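Across the two complexes that follow, subunit A remains constant while its partner is subunit B and subsequently subunit C.
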Partner chain A sequence: MRHGQYRFIVGFLVMPLALYGVFVVSPFVQAFYYSLTNWTGVSPEFDFVGLQNFENLTNDSLFLRALRNNAVLLAVMPLAVILLALFFAFLLNVGGRGAGSGVRGVRGSGFYKLAFFLPQVLSVPVIAVIWAVIFDPTPTGLVNSVVRRIGLGSSGWLADPDLALYCVLWVLVWGSVGFYLVLFNAAMSSIPRDIFEAALLDGAGRVTTFFRVTIPLLWDTIQTSWVYLAILALDVYALIAVMTAGPGGPNNSTQVISLQIAQNGFQFGRAGYASAIGVVLFFVTLIIAAIMLRATRRERIEY
Partner chain B sequence: MTVTTRAGDAGTPTSTPPRQTDHGRKGSSASDVGANVFSHAVLIGWSVMVLVPFAWALLASLKTSREIFGSPWSLPEVFRWSNYSRAWDKGVGEYLLNSIVVVTGGVLLTMLFGSMVAYVLARYEFRGNRIIYYLFAAGMMFPVFLAIVPLFFVVQNFGMLSTYQGLILVYTAYSLPFTVFFMHSFFRTLPTSIAEAAFIDGCSHTGVFFRVMLPMAKPGLLSIGIFNVLGQFNQFVLPAFLSPEKPVLAQGIATLLASQRYEGDWGALFAALTIAMVPVVVVYLIFYRQVQAGLTSGTLK
Partner chain C sequence: MSTPNAYSRRLFLQRAILASVAAAGGGSVLAGCASGGGESQDTSKGVDKSADNPFGVKSDAPLDVVIFKGGYGDDYAKFHEELYQKRFSDAKIKHAGITDIRQQLQPRFNSGNPPDVIDNAGAEQLPLSTLADTGQLTDLTQLFDTESIDGGKIGETLIPVALEAGEYGGKILVLNYALEVYGLWYDQTLFDEKGWAPAETWDDFLALCKEIKGAGIAPMAHQGKYPYYIQQVMMDMAVKHGGKEVVTAIDSLEPNAWKHESVKMAAEALLEIKSKGYMLEGTEGLDHIQSQTRWNEGKAAFIPSGSWLENEQKEVAPAGFATTVAPTPLMDGATLPFQTTRVSAAEAFIVPAKAKNVAGGLEFLRIMLSKEGASKFTELTAAPTVVQGAGDGLDLTPAAASASALVESGGDDNWNYYYFNWYSPMKPKVETAFGELAAGRITSDEFCTAAQKAADETAADPQTKKRTRS
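Coming up: the complex of A and B.
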């Protein structure tokens, strides 16, 4: 009927698909292929080594260290961000002297959302540089001057192998809370008002309403957020590459998977091995996303 | 219904004096005030935590290195505007230019390709439609690090390492998934009748897209456009590996930090940081509704 429709479809798709295929799809596919080789990345020749790379990974203490650090981030970061963001969303919505338990924010909630979200729009190196200097290990450093004011001794922060990973963790949480606050807030305001009014009629207070009505209705959003934050915890690179000594130091205390991929692939001339780490990262991400979606599954509430 | 209205009345008017004479609600309104004060205290506390580092960085851009580390809380004795000219000479001007060129090219190409794909997928039935859609959707979930090593060699084989065209093409390719996803749902919401009328008037498929559908999709294009401007301007991982000799601003900041560890010109570093921060903050303040809506919509659906 409409002539030339197929030519039009093909014409519109061919360039973007070619671009996407060359720069996105093919590298992903190649990574799986190279993970089975001993390719150095420099010479064009390489051999198939089967699963040798993966076997070597199990004895690579640096890789295992990286995996453990990612596990720490994974265990703490998503939970901390979601709890803080929910807590702030709770205060924004329930703390107001507004109407009952409906979604009416405290005064100035617009300002709070604007401020909390700010770290999300700035590039990671900017944030990493600011915090690297704030965590200055000398006694007159910014954090140390605050800590000493309240009567504690000063620490090395990013220079202290016991604390460095937690400094990174803090910056990740600090930067992400605003995003999830805005997300939860948006999800809350899409809940119909009459649900809150019904709860209120039944005599539920604001706090009860929040925990018994709002949170269950937000469960889908919380679940998705958890998966996104888990991916962030597994993927963290820029922050560590810029902020920590080495990077990954001191004493490999902030070594992570992405750093291992970069170092093996571009510094040690082990592109095949780096690809194998990438494949492990892929499957870990997939498995964790599946487990989390499964474990936190609840009956979906439609409204 | 009366209960609802009363509960609402108890607290709604912030203009009402705090002493509420409604005896029946006295206890609850006192706890209301308590909750309100507590909420503000906590929320202001976190705002301070978020904003102080940025304010401090702004101030540090006008201090000497000795002042930054020796007396981090005090104002500079003299405002050192010369930090900015030294930062510019250390390459910030060049990095900024690189960022502007790459982001301009990258965003224009992303918007063109992204809306073309999204439009075809949203409005035309053909075999493979769903497969192509899922191919793009999958791109939003995969960790970039899985691909980074092979991607480096792909770009190298094209001879496009450290070139504008290399970064523009790679940025576009990696921005397509979210752009397609976003514009796809946007084109679905647009009415079909105007396009039908244009077809009857003898407009071609391409003409309908450029002259009817794109103008109608302006609000969506604005949201996703701002999202892509910020995302590509802040991009660090891709240029860090693919453009070592032509650094963009985010990369330049990281390099400057590394070199200040021995050069020790921290005032200039913070001046560079401020140059990188200010355009983004201005865009954010002007368009913050679109930015927040655009960024969060990817997670919500």
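Coming up: the complex of A and C.
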């Protein structure tokens, strides 16, 4: 590179790097530091306590409960969203097969795309409020009216400790499928049509095409989605805080790590302890992302 | 009282980041130090104290007031500011009526630059016990020892609960301004129409519930999403049975305080209401808005709450709805009379120790506690204050009238409890136990064990400051 070019490049990078440093790196570094203190969050004075906060975490039954609930969400949510989104995207792209017209989506696929994407436009608290109303626990609630009509009796839904987490899970899936559908849809449209037509000529049915052609060609996109969804499953703060009783659910059935951070940091005046939970969440997220990227690594297919 | 903690995660993170950047002192971001110069610069020093100016307020010292603009609004504070301005005409008064107290003030506390007067209330309030324990609040004892604007020592012009509720570690650090009366609320119009009256004994209460249910109305609803509300009914019944010692032991985190016979009996009573089908079906999953609206619609007869209820529901309540409070019924062997209830003081006004104009802050509170200041509050908000007799002569709503009557009839027998404010980490644990009990999913013994476990954990926690009731 010629002399002067470096200065040019640095000139462009200074601002974004400075912003990144101030608004991303610095809070992280500070959180690590505060996790080793007994900072209350509302005082300029605090003491250094070493690893005490982390030691206390191992005995904190609520934190362990939260960890377990996050694990359930992590195991089910990404898989469910990806499968549903893939299935719908496939139908929208190559699902319809009119006589002799080659490969195309089902009729009205444009409308379906819009309908599925709609939840993405709503902010999370709005989604939470809407679904809290739909899951109204009184016998005249929306879901209850339907299940009662088909003879299943009414239920507390979000007020029932056995169901609350699954209700949240459902809302999470409902709210996320649309975005990943559009993502997979875009990835699928970039696959050359002739590959699908070749598969069609070779006599492959829809199922075979889906598993043997579509999924391998979309693998990179699926992998990235998986990591994003895993991070979402480790968060879910807004949904839990707005939708569930307490918040944290009846008998802590929807307690999650992010809620524990907010409660400790802001309500209990234990910002140091909350930072320690944040640090744990940071490493959990990092490790899970690394594992997912590793475990799902495959040879890349060029087309 | 609690309201849902509803802000988006993105906003939450943005503010958390801003707060931590501010905490680090703005520029020195990587220094990782939350301290931002903690010197108190009291600009009010140097003026002689006089009978008319007992704290020695400098006439031109600016005053910074932050008010929680919730159910009571902030018009009353603007009136108090006018009164302050009349006394100190050169003072520049900065008024802020906000709801997100914590987000806006946390950075100011961390940088040692808090306002002079704060009304710390609402869902987003600063953790009061933490501020008290870390010495960040001005001792208000001097205020209560000072001569009131209307004459007499200020402390003696107040309802005693005001002083008790503001006490932290032997000092009075908080002025709780509004008087709150708790009980079971009903619609007097509906009850008159049906010929019902609130029952005094437990047996009569059950009989009344049966009659109400027979009329196609659920006898009781509660704000199940926030078990704090149903907690109040059960605790009140326990206190009326076993006396105030029941709650003083709980507040002091005494061993086995939750296993007291009266607590267990009250838990049984609550289970009985649930098992006999006297609760509105599904009320365990309703929030305060949903449940109180159904109560306003006449789907439930009683609902637990405090004296803010009428004001909170005024947009929803149908015409002719007469919000009225009844005390909780007496169980067999009760030691307190029927016409007694929990009375507490709320709307926590504080003067930060590091405020620039501490004297002005104290003077502002003195103005609030004058007859003129307090009666304006009641006039604007329909809520009583802790100033005795300040509401006299005002036209009261049914809720305010019945609540005032209960304050009067209960007198010294009325009580208050503080464990929810004192031990914030214990609150969600106990609330969980109350929630499970009210839903009938645990027995009274399991409830007592769970609540006692939460209390024992709190007592053993080195980070929690233990307090005792006198």
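Simple rule for what comes next: the second predicted complex is superposed on the first by the 270 of 303 C-alpha atoms of A that agree within 3 Å, B and C clash if a C-alpha of one lies under 4 Å from a C-alpha of the other, contacts with A are read in each partner's own complex, and residues count from 1 in each chain.
Convention: a contact is a pair of C-beta atoms (placed from the backbone, for glycine too) under 8 Å apart; a residue touches a chain by one contact, two chains touch by 3 or more.
Quantities reported herein were computed from a predicted structural model and do not represent experimental measurements.
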{"item": "Which of subunit B and subunit C A:26 touches, first, second, both or neither", "value": "both"}
{"item": "Which of subunit B and subunit C A:124 touches, first, second, both or neither", "value": "both"}
{"item": "First (subunit B), second (subunit C), both or neither touched by A:136", "value": "both"}
{"item": "Which of subunit B and subunit C A:241 touches, first, second, both or neither", "value": "both"}
{"item": "Subunit B versus subunit C as contact partner of A:13, first or second or both or neither", "value": "first"}
{"item": "Touched partner set for A:42, first subunit B, second subunit C, both or neither", "value": "second"}
{"item": "First (subunit B), second (subunit C), both or neither touched by A:145", "value": "first"}
{"item": "Partner chain in contact with A:156 - subunit B first, subunit C second, else both or neither", "value": "second"}
{"item": "Subunit B versus subunit C as contact partner of A:251, first or second or both or neither", "value": "second"}
{"item": "Residue contacts on subunit A - larger count, subunit B or subunit C", "value": "B"}
{"item": "Subunit B/subunit C common contact set on subunit A", "value": "22-23, 26-27, 30-31, 34, 41, 123-125, 128-129, 132, 136, 138, 141, 235, 237-238, 241-242, 258, 262, 266"}
{"item": "Sites on subunit A touched by subunit C in the complex", "value": "21-23, 26-27, 29-31, 33-34, 38-46, 62, 123-125, 128-129, 132, 135-139, 141, 144, 154, 156-161, 235, 237-238, 241-242, 244-248, 250-252, 258, 262-264, 266-270, 273"}
{"item": "Subunit A residues within the subunit B interface of the complex", "value": "2, 4-6, 8-9, 11-13, 15-17, 19-20, 22-28, 30-31, 34, 41, 87-88, 91-92, 94-100, 106-108, 111-126, 128-134, 136, 138, 140-142, 145, 174, 177-179, 182-183, 186-187, 197, 200-201, 206, 221, 224-225, 228, 231, 234-235, 237-238, 241-242, 257-258, 261-262, 265-266, 271, 274-275, 278-279, 281-282, 285, 289"}
{"item": "Residues of subunit B that touch subunit A when the two form their complex", "value": "3-4, 7-8, 11-12, 14, 32-33, 35-36, 38-40, 42-43, 46-47, 49-51, 53-54, 56-57, 60, 68-73, 113-114, 116-117, 119-120, 124, 126, 132, 135-136, 139, 141-155, 169-170, 172-174, 176-177, 199, 204-206, 209, 230, 233-237, 240-241, 249-251, 253-254, 257, 266, 269-270, 273, 276-277, 280-281, 283-285, 288, 291-293, 295-296, 299-300"}
{"item": "Contacting residues of subunit C [partner subunit A, same complex]", "value": "4-9, 12, 16-17, 20-21, 23-24, 29-30, 32, 34-36, 38, 102, 106, 109-112, 126-127, 129-131, 134, 136, 224-227, 280-287, 290, 294, 424-425, 428-429, 431-432, 435-436, 439, 441, 463"}
